[in-house]
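Going in written order, the chains are labelled A, B and C, and every chain counts its residues from 1.
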Amino acid sequence: MIKEFYVSTEDRYQLIDITDRVEGVVRESKVKNGLVLIFVPHSTAGIILTENESGLKQDWLAVLEKLVSGFDFLHNKIDNNADSHILSGLLGQGKTLMIENNRLIRGTWQQIFLVELDGPREQRKIIVKIVEC
Amino acid sequence: MIKEFYVSTEDRYQLIDITDRVEGVVRESKVKNGLVLIFVPHSTAGIILTENESGLKQDWLAVLEKLVSGFDFLHNKIDNNADSHILSGLLGQGKTLMIENNRLIRGTWQQIFLVELDGPREQRKIIVKIVEC
Amino acid sequence: MIKEFYVSTEDRYQLIDITDRVEGVVRESKVKNGLVLIFVPHSTAGIILTENESGLKQDWLAVLEKLVSGFDFLHNKIDNNADSHILSGLLGQGKTLMIENNRLIRGTWQQIFLVELDGPREQRKIIVKIVEC
């Protein structure tokens, strides 16, 4: 089973909580036990699990910015988003989680986030694939 | 098949080799071919593969500390562990590996580690899910 | 289904596009729908998805080098590659992707790369496992 949905973003770097959307897909699938792969088919965005707390979301952006600051990127002569590509690759564009009894297994403080790294964008695609087993 | 076990940690940041525990779960499952997902349902811990060498384990901690030092984190006004959340998200809280002939596929220098990032903790839960295919 | 192939590398740090090789394995598998795990059984190499643009590949190396520079690594007294191990663990040694209608799901700018972090090496092994579901 595969399902897609879209998210719009407002800032160049932004964390957007997609936990409810992903859990909705799991519920509707009626799959009892299996794996779920949450994936963005983009190379300037990422998927992470972290706590949804407003201060922490800003802290994340500060760390991400520092990781790619102070460089004179060659790619920026073509397209001004070397930072976005590199952060996307560092965070990863997909996460695999477990389903048990039709529930996504995650910790209390593990919310699922799309990390926008080259926004704003009207449509960031998220693909959720559920594998029963 | 899903199995949980717990690990206690002693330091704020610490690498703990869980290879034997994970391989024990694989062996007991009797699954010949499939995938295994090793996951911590925590947002201040991670799972990595690296070599189990005492110097390298300390080198890891030095790099992790530097990644999150020099910031005035907003989240720390609520809970003093923004660093832990961010490192957990950077490392990832799960890894997917392969099983062939009931053996976990990994390189000689690839040991599986729980990375404690907000210890010490009495019980860090590790969930191992094995999918036959 | 599991398939291995080998890649030779020329530099200490290097990004090598393996998209065609992985897509060839998917095609030959004739699997219509499933998951594919691309994995290196090495602890001084990684797998990432990023754009195959020559400037960006150099930008990646600059960021990786900076992440592990300025340290006096203990592991280097034994083997001069603490940087390689740590970067390998940060990037991750495997990525899980989806297959739909016998095609690997990936974005236009998401090429699959082996990241050599302790080269040159004559043979870096890549293992591709495909799970039908």
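Just so we're on the same page, a residue touches a chain if its C-beta (ideal position, glycine included) is under 8 Å from a C-beta of that chain, and two chains touch if they have at least 3 such contacts.
Just so we're clear, the structure is a prediction, and the values are computed from it rather than from any experiment.
In the CA-based superposition of chain A onto chain C, the rotation angle is 120 degrees, rounded to steps of 5.
Taken over every residue number at the interface, the positions common to chain B and chain C amount to under half, indicating a different-residue contact.
Here the spacing of chain B and chain C, counted between their Cα centres, is 20 Å.
Across the assembly, chain C contributes 35, 67, 90, 92, 96, 131, 133 as residues in contact with two or more other chains. If you check the complex, the residues on chain C that touch chain B are 2, 35, 37, 39-44, 67-68, 70-71, 73-78, 82, 85-86, 88-90, 92-94, 96, 127, 129, 131-133.
Chain contact summary for the complex, chain A toward chain B: residues 33-35, 48-51, 53-56, 58-60, 62-63, 66-67, 90-92, 95-98, 100, 105-107, 109-110, 131, 133.
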